[in-house]
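Shown below is the structure under consideration.
In this document, chain identifiers A, B and C correspond to the written order of the chains, with residue numbering beginning at 1 in each.
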Amino acid sequence: MANHSEHVASARLYWLIWLALIICTVLTAYVATVDLGKFNTVVALGIATFKATLVALIFMNVKHTSEKMTKAILISAVAWLLLLLFLSLADYSSRLAG
Amino acid sequence: MSDSHAMETPLAVEHEARPELRHHFADEQQQRNAASLGMWWFLGTEIMFFGGMFCGYLVYRRMYFTEFAAASRTLNLPIGAFNTVVLLCSSLTVAMAVRFAQLGNRKMQVRMLLLTLVFGLAFLGIKGKEWGDKYKEHHIPTFNHYNVISGEGALTNVKGNAELLGLDKITDPVKRQQREAEIQQRTKIFYSLYFALTGMHAIHMIIGVGIFIVITWMAHKGRFTPEYHTPLEIAGLYWHFVDIVWIYLFPLLYLIDRRGA
Amino acid sequence: MATVAVPVEQKNYLNAEYGIRSWLFTTDHKRIALLYLVSITAMFFVGGFFALLIRLELLTPAGDLLLADTYNKMFSMHGQVMVFFFLIPSIPAVLGNFLIPMMIGAKDLAFPRINLLSWYIYIVAAGLYLWCIFSGGVDTGWTFYTPYSSLFSNTHVIEAGLAIFIAGFSSILTGLNFVVTVHRMRAPGMTWGRLPLFVWSHYATSIIMLLGTPVIAITLVLVVLERTLNLGIFDPSRGGDPVLFQHLFWFYSHPAVYIMILPSMAVVSEIIPCFSRKRVFGYTFVAMSSIGIAVIGFLVWAHHMFVAGISLYSALVFSFLTFLVAVPSAIKVFNWTATMYKGSLSFSTPMLYAIGFIGLFTIGGLTGVFLATLGVDVHVHDTYFVIAHFHYVMVGGAVLGFLGGMHFWWPKITGRLYPEGWGRLAAVIVFIGFNLTFFPQFILGYLGMPRRYWDYSHMPEWQGLNVLSTAGASILAVGYLLPMVYMLWSLRYGKIAGDNPWQATGLEWKTPSPPPTFNFDETPIVTEEAYEYDKMPLPEEVSLER
């Protein structure tokens, strides 16, 4: 009855992703100590987003899922979060600046 | 459950051979898809749940950047990074457990799940130690002994903090006292958010450990087959999500400004 | 089970099993809907009791019935009970729960046990809230504004906050269930373009529940933590910003208005075509406007904060966005009106409620546009104008929709007809009572009467309008009690309804009334669009004598 062909990733891929995540963690801890001016925060969040994307795409199988809705849900939830952050911060930025 | 006496005989008979299939679904594919869709929507709500706190964090970080940076430096970076690694390892073992379920390898499945529990508990233990240190440093806003100006937990004990906070340039004792009161107040917000965020994350970890104890037991009993392992899969999604939250918490809390450290 | 095989009486969800256990452990979405109906009705009377005391206090200018502190608790608990324990679960958890699986041709919701769990969570939350009431109540206003709620109030803020936090999970689980059900459980042939508008509206509602509720949940947790663990996040004396609380609170609580009104629009979208004997006009526009409301509804929250000290630029943007949200609501109103145009209308009870809804919602919505205008808002902010505005939306909109829907689907739920004459009478009484209660409040607000005042003896000329309002409230109360009485009466004495007394379209009318436990004996296959009323026969004229 179970006619779904589930995607089975290779163990090698999981180990590689894990390795990449560890390297990124060490990297982000190290880069934080280097003075990049304004870019420290950008780099830290960039690395975090990269790591989160790896976990979501490979470990959570978003990349190969047969479920079309998964990506839509992820995108809308992240969009809603950005909406909350952006519109609230817009108030603070324009208030504190003025 | 009321579905034990299904009304339609053909379906009921059909279902007896398929114990995991609940009465109101047409087939396993539909049930599996529904469960995973449900979990994904739940994770969507979780994003917004943490999002409220992230919003507060960003607002205050913008308002009180220097105080946040100085307080952030008192967090233990090596331990925080190590804990991140522990959590990433647990994510790997969860992914591997699902993979072994897909391949029908029960023994490795259980081993991976046990390893996940070990990593999860290790994370919580390390977190507990960090919180204990914060208590000793008088950095928990709940207690009246909260103090970031003097004593063991003084912010100025960390290299570079006196310059960052501008305390080194203030010579007038009255002005210095005012500035210190301000710092005391603003760092309190940082630590409040630190404990709220890591606390909420820890509660999610504890729930995750609870879920995975059940999942491990189910795996041990051989409940999961290459055809049916939905509970393991959706529990795994939850675990990875909690991991992702930490992936963001680590730089936001520990790495606000570590330049020259 | 097999021993009571009576060949004549058909098995349905009500008589399939008996006994309290069969209700408390049921996973049948229809029984859970009835559990919700009983619980929210009880909470409605709790909230109504507070409203009664508020109106009685305002009968005279002096503060003579209640103490000032008691009055503060009355309006706070009236708001919290009505919003979080009645309006938000009302239509979704009762009618939505009952009808969505049937309308899409499914046997149940996707997660029946989670559905039951969400009712238990609601009961825990409601129980905690009742405990909060009986142990002394809460006086923060329904909005929990900080720093009053986190620092100064010495009432039971923690219990109230936790109760609403818990109720939020009930709402999230309901929304989760609906979304997954609509995505995964549709019968063959039930495409998105054929979904009843009821389902579309509930889908939009569920999205708001899923993406909005967690934000208020965490916000209330932070308030509770601020009170219990001394964490300083919103408290200005600890460097916090109370306006941040308002941002987070309204990020949910403005969309929550759409959680209350969208399901009502769902009901009206079913009633209007049925009693106009016409296809709904502009199906796609009505469906998409629900989604539009859900999305734009999230972009307008700061219009509650125009005088709270947000930046002027931000206020301008939010004012503009608030005007935008009126567009999808207007699309709905125009489409309903166009549906009625040249239809063969019959004014049965549900239709009376639906038409009442359109009128009152239009007034409520348009005064919302006034309030979105910065200049006007500054003038009438925190006055009775605002109170009247949101009661037109929440009572004139949400409650009328709930009552209309209860009448429309009562024959399906119970298998019996309510007495039509009494039904129409009650609908007219509700309409008159409602307008008499709340229209004077628009004028009072414009004259400057502030909300939340228990004593207006400095302005005795406001008394006349307040007396009118209180009188209207008593009429409204009669209008609420009447349906309670005759509907309970009809359970035993009502005329047997038959499968489809209104000759309405929709899968829920194609099964027996009351429906069997699994809704359909065999999974239906859908071959036509929704609202094919030109193919339906006319219903028998509903007799008023009964």
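Keep in mind that, in the parts below, a contact is a pair of C-beta atoms (placed from the backbone, for glycine too) under 8 Å apart; a residue touches a chain by one contact, two chains touch by 3 or more.
Since the structure is predicted, the reported quantities are computational estimates derived from the model, not experimental observations.
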{"item": "Overall pattern in which the protein chains touch one another (line/ring/star/complete/other)", "value": "complete"}
{"item": "Comparison of A-C and B-C (more C-beta pairs in contact)", "value": "B-C"}
{"item": "Whole-Å gap between the CA centroids of chain A and chain B", "value": "15"}
{"item": "Centre-of-Cα separation between chain C and chain A, whole angstrom", "value": "37"}
{"item": "Where chain A touches two or more other chains, by residue", "value": "69, 76-77, 80, 84, 88, 92"}
{"item": "Touching two or more other chains - residue numbers and ranges from chain C", "value": "183, 211, 215, 244, 247-248, 251"}
{"item": "Residues of chain B engaged with two or more neighbouring chains", "value": "33, 37, 41, 44-45, 48, 51-52, 55, 59, 63"}
{"item": "Residues on chain C engaged by chain A in the complex (per definition of touch)", "value": "183, 207, 211, 215, 243-244, 247-248, 251, 298-299, 301-302, 309-314, 317"}
{"item": "Residues of chain B defined as touching chain C within the complex", "value": "1-3, 5-8, 22-24, 26, 30, 33-34, 37-38, 41-42, 44-46, 48-53, 55-56, 59-60, 63-64, 141-143, 182, 185-186, 188-189, 192-193, 195-196, 200"}
{"item": "Chain B residues within the chain A interface of the complex", "value": "18, 27-29, 32-33, 36-37, 40-41, 43-45, 47-48, 51-52, 54-55, 58-59, 62-63, 77, 81, 84-85, 88-89, 91-92, 94-96, 99, 102-103, 226-228, 236-237, 240-241, 243-244, 247-248, 250-251, 254-261"}
{"item": "Of all residues in chain C, those that touch chain B in their complex", "value": "1, 11, 17, 22, 25-28, 106-114, 172, 176-177, 179-180, 183-185, 210-215, 217-219, 221-222, 225, 229-233, 238-241, 244, 247-248, 251, 516-518, 521-523"}
{"item": "Of chain A, residues touching chain B in the complex", "value": "1-4, 6, 8-9, 11, 14-15, 17-18, 21-22, 25-26, 28-29, 32-36, 40-41, 44-45, 47-48, 51-52, 55-56, 58-60, 65, 67, 69-70, 73-74, 76-78, 80-81, 84-85, 88-89, 92-93, 96"}
